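Data first, discussion second: the structure below is written as structure tokens.
First chain written, first letter: the chains are A, B, C, D, E and F, and each begins at residue 1.
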Amino acid sequence: MTTPDSQNFVRADGRAVDQLRPVRITRGFTSNPAGSVLVEFGNTRVMCTASVEEGVPRFKRDSGEGWLTAEYSMLPAATHERMPRESFKGKVKGRTHEISRLIGRSLRAAVDLSQLGENTINLDCDVLQADGGTRTAAITGAYVALADAIAVLQDRGVVPGAPLKAPVAAVSVGLIDGRVLLDLPYEEDSRAEVDLNVVMTAHGKFVEVQGTGEHGDFGREELNAMLDSAERGIAQLHAAQREALAR
Amino acid sequence: MTTPDSQNFVRADGRAVDQLRPVRITRGFTSNPAGSVLVEFGNTRVMCTASVEEGVPRFKRDSGEGWLTAEYSMLPAATHERMPRESFKGKVKGRTHEISRLIGRSLRAAVDLSQLGENTINLDCDVLQADGGTRTAAITGAYVALADAIAVLQDRGVVPGAPLKAPVAAVSVGLIDGRVLLDLPYEEDSRAEVDLNVVMTAHGKFVEVQGTGEHGDFGREELNAMLDSAERGIAQLHAAQREALAR
Amino acid sequence: MTTPDSQNFVRADGRAVDQLRPVRITRGFTSNPAGSVLVEFGNTRVMCTASVEEGVPRFKRDSGEGWLTAEYSMLPAATHERMPRESFKGKVKGRTHEISRLIGRSLRAAVDLSQLGENTINLDCDVLQADGGTRTAAITGAYVALADAIAVLQDRGVVPGAPLKAPVAAVSVGLIDGRVLLDLPYEEDSRAEVDLNVVMTAHGKFVEVQGTGEHGDFGREELNAMLDSAERGIAQLHAAQREALAR
Amino acid sequence: MTTPDSQNFVRADGRAVDQLRPVRITRGFTSNPAGSVLVEFGNTRVMCTASVEEGVPRFKRDSGEGWLTAEYSMLPAATHERMPRESFKGKVKGRTHEISRLIGRSLRAAVDLSQLGENTINLDCDVLQADGGTRTAAITGAYVALADAIAVLQDRGVVPGAPLKAPVAAVSVGLIDGRVLLDLPYEEDSRAEVDLNVVMTAHGKFVEVQGTGEHGDFGREELNAMLDSAERGIAQLHAAQREALAR
Amino acid sequence: MTTPDSQNFVRADGRAVDQLRPVRITRGFTSNPAGSVLVEFGNTRVMCTASVEEGVPRFKRDSGEGWLTAEYSMLPAATHERMPRESFKGKVKGRTHEISRLIGRSLRAAVDLSQLGENTINLDCDVLQADGGTRTAAITGAYVALADAIAVLQDRGVVPGAPLKAPVAAVSVGLIDGRVLLDLPYEEDSRAEVDLNVVMTAHGKFVEVQGTGEHGDFGREELNAMLDSAERGIAQLHAAQREALAR
Amino acid sequence: MTTPDSQNFVRADGRAVDQLRPVRITRGFTSNPAGSVLVEFGNTRVMCTASVEEGVPRFKRDSGEGWLTAEYSMLPAATHERMPRESFKGKVKGRTHEISRLIGRSLRAAVDLSQLGENTINLDCDVLQADGGTRTAAITGAYVALADAIAVLQDRGVVPGAPLKAPVAAVSVGLIDGRVLLDLPYEEDSRAEVDLNVVMTAHGKFVEVQGTGEHGDFGREELNAMLDSAERGIAQLHAAQREALAR
């Protein structure tokens, strides 16, 4: 639960407790994929692309429906200390799998697979620079890349219907020293008692809620305070998405 | 949000909407590991063991603290259709990594690593039979195996302090046709609009909250109704743990 | 060759030299696979399942025949010291491959592949607790799971013929301090001069004979004495299988 | 050998036969690694980072010398058709290994390992967008990242000496319809009879010469014409490096 | 059991039922390893090398004893149909593991590990050409390579004692149409009802006996007839080893 | 650039600077593959086989053309110090990939894929003994194996046309203490300032030129001197190939 003085608390980077870092969404960041976006949440920078492939995985074959899947990855030098490259190591880390699956589930909520035809959309979210919130930035940027890719599909006549549903965006919230802080950079993330990632549609509905109290458990009131903060932050992210797509 | 008639609704297996499946916790299921538990949530059966190993992973070395980690796995014939064995395939699925990490985080909340000495506790949760809720059963059973293993450590004088913190248990809740249903078997799980896994301590605090709306998003009221149901269910699971440990 | 006083020799667990450990065969141990058996040779406990899959591997395609294959695995906490999980390590040990292949060959002797149709039977033998003789217990239990699975296939009309041939069971014999001992637990197995695994049909014929003298070679007389002991032990295992299948 | 009319030949992108694509070298592209450069050869864009790590690989231990190694990788959506991610596939392609080794060898020519102390420099070259010449762009950009990283090491006093040797840059040349063309984009590269990659120091010496005639062999005169063109192109790349480092 | 007319039966390659194929053992086949032998059983050709390495695996450390291990492999073009290379496929076949382990166990019977010092002998058995009996040829040749390597160790003074024990050799026997045939080439091996591999010391003791009845089970009399034939064949192989080592 | 006294310089193995090691090419080295050659450059011995397989890889399907690919590998005991076997390690080294690709590209220059039909030729180059120049020996020997395999294909009527083009051979040249030395054994290779591998057709055209100056860069004159030496050496290798094929 947020302490009374939170509203005046100033964070290390000068933000208020419920203030997002500067958000930048650059469309057309690269030109080969159908959708390509560079999303920045402060110093966190993620390249999100949406590529379209004919056909669907085996479990969707002859369903008349499409599929969407996502892969998340950190470039080795994205973090403060360089991390070994997963391909050369021959092992994908559990964390990478976990986040890839989260992004895939979140973005499937933004698309009506029955309107896609038997096509697969591959989202690739590659973190160029990591400073906390890489998964939420990835989801937020991937939606824009997805929207661009679907527009391409519609232009080409591949997709007769309207597969794009309500926009999806995500933010992290944390509890530090009892204060609810929005959009944690690495320095805050690493010492948060509780870490909550929230994915919501532009209609104000939840797609994913993932709260973790590794350094301390949390009560219902604290959860509610964090959800309130996330909700307000996500509304601003949806605005940033709209603005980027309007350009 | 739960519809008015929910209280009278009878589920396919005869349960009320907020009723757990029969829970059985068998301690000393096998004899080699320090803690060994068979946990059953209805037809879901998971063997949970806690093994103790001297030393800690590199990132904890010389910290004076211990570590706890978990691995989850399905036996190939645990599911209705046999699934390929991950070791022979040479690939661990993302789902397996995701659940292993969830169990590890959840149980680390139940142990004070600074009281463990430089020892590592390995939790192994192997699903013998799967009928929904394998990850929540695993967490609930793993706590009991952990408690037994720590008692062994204390008996042996390896651990001078008291590393065991408040008990941790977990349950799933789902939203099906607008109804909040507790502890979903596979048949319900596969068609739930929303699936929420909740991990709580016996003090009524959250450790993990993971809600996913792959087949439909969800509002705050629905989230609250699901959390209410989970909280009541987990209280009964904590009672079952206490009873098992008292035997 | 057995020394004269062997008949009065009492083993650490109180058994006579040619006495099996208590054998228990529990059918219907789990409910998803067509056949599911828990087999126990004393403290050794192996879960054996037989799952049926339509189709055959490439090398059997369009042969009109079926196939049978087996996979053996130890749960990490089955042994006294926990062993790393092969799936997470990314490497299946040579021993695991060797035993999987032995089980597959042994059970293919119990089935007429030409009567199976183009179906594959997958046997999974997962060791829950290991105390020596895991491969012979696995073979003995897998036969019962196989029989149950084939009965299911016949009930479903998938298999018009009679694929099940003579029952197959297996036991280990060892030479310790010059004495022939039947059905070695881990403590004896680890210090045996010679270790012999024998697989036989209920008609008294050999399917596999694997004798290894890593801690000492052995002569023809010793081999014969070990084969005699194995033959008598296997006859009792066939009786246990019959009894289990009659229940 | 270049045909007489080559000097007037205009390429698909409007360039003369011996003209480089626009080269851009952006230092400080990301902030975590000691050196971070975005290098662009036309539409080819490669992020090159140089990270410093204490210690050296086993084969260099106790040599008093440092080491430098490089890893090259394509982001999945860098190419026209998305390519599977090597980490998720579990297999690094031979091409990736080949180019990583080329970059490592080339840049080791730019550094005096005996002046590095027992430190390792890891170069990561990740292709964000591929349009031919990714390996030559990577080498050219990696030198600048390396120079920045060594300056950081010198500032920190980690490196007392002067490990940086003469600058290294690289370019590709091809033979298409008998014409020598400099700096091939993908469209030209894919139909070149001969493909030559040349790495040179700023002193006009060769570090690597790799000529391949998969679609046609080549004579000494053609080789000489290609080397002449490469030499002139590389001189311009060295100028671009100098300019970038002067900023 | 051998039928009465067996003694006059002539095999496809002109041999009598109990006749070995021509055996050739070439020492010093290559010069880098301490022992290097080309062994030929008819058309089967295996290169066997013994390399010595300081130190022992972890489980032997500080035991004062040495270790011996073996790796078996088929070159891709050794068989009639080329087989995929295991290194490029990223998977070692179960058969390869099984045979590697058999060779290792067999040759450990020929060496007194306590006389080796903390050194490891690596045996590599690479099949250049396969025509049945590759594992028995490998064992027979590996002994000679081992003997040469140990002589080198003794010359160098690395090994003060006498680690070499009685010679070890191996042969296959099969049952085809009720006849016991010695040393099966591929054509016979592929249609044998029973296949028996026997490893023996020059003192006439068994080291390994592996009988497999995949295409038919076998009785005690048949086993005895096969062991008799193997014993006579192995005696000739021991003579060939002696002769080779005397040269 | 070669120093004036080079012509009188005598190398450690007694050769003149521009003298090849003794070259031996043995056809029909093994009998299963369509072409099988043992090639020796002094102590370097490589077994090169050419196997033919119906069908082509996916990217060549329905092209009406064939394909040729190569795999290079070192036996573990080929080198002075035994190297771990790549298959058991689960990792193919970058060097192995790099050389495999070089051999494949070089030999594709010797074959008209459009005359092959939809068949694939697999070249396997396995180094039995390594003493420098393994890749150039492999290319030189593989051409002979390829010629034999294509003759087999033509005999069988599988290939109506004439797929074999001009012979291809390869040699290494190095710069040591300023002297150009031809065909480097390991001892020279390891201390060469510059190492150049050249692949040429019998028509005197280049197929591959790979020069590497890891221990020192090199000028155009030095490159030319090395190319001159390589050209003369390769002419002798083409003579050796012709002679072998004439036998």
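We adopt the following convention: a contact is a pair of C-beta atoms (placed from the backbone, for glycine too) under 8 Å apart; a residue touches a chain by one contact, two chains touch by 3 or more.
All values reported here derive from a predicted model rather than from experimental measurement.
Undergrad: Could you tell me which chains are in contact with subunit B and with subunit D alike?
TA: Common contact partners of subunit B and subunit D, which must touch each of the two, are A.
Undergrad: Enumerate, in label order, the chains that touch subunit D and subunit F alike.
TA: Under the touch definition, subunit D and subunit F have no mutual neighbours whatsoever.
Undergrad: From subunit D, which chain is the farthest off, judged by mean CA positions?
TA: Centroid comparison gives C as the farthest chain from subunit D.
Undergrad: Give, as an integer number of Å, the spacing between the C-alpha centres of subunit B and subunit A.
TA: Computed from C-alpha means, the inter-chain centre distance equals 27 Å.
Undergrad: Between subunit C and subunit D, what's the gap in Å when you average each chain's C-alpha atoms?
TA: Whole-Å distance between the two chain centres: 59.
Undergrad: Based only on mean CA positions, could you tell me how far subunit A sits from subunit D in angstrom?
TA: Distance between chain centres, rounded to whole Å: 33 Å.
Undergrad: Can you list the subunit F residues in contact with two or more other chains?
TA: In subunit F, residues 90 touch at least two other chains, as defined above.
Undergrad: Listed in ring order from subunit E, and going the way that reaches subunit F first, which chains are there?
TA: E, F, D, A, B, C
Undergrad: Going by the contact rule at the top, pick out the subunit F residues touching subunit D in the complex.
TA: 93-95, 97-98, 100-101, 105, 108-109, 196, 200-201, 203-214, 217-220, 223, 227
Undergrad: Tell me, which parts of subunit F touch subunit E in their complex?
TA: So the residues of subunit F in touch with subunit E come to 30-33, 36, 43, 45, 47, 49, 51, 53, 71, 73, 75-80, 82, 85-88, 90, 92, 96, 122, 124, 126, 128-130.
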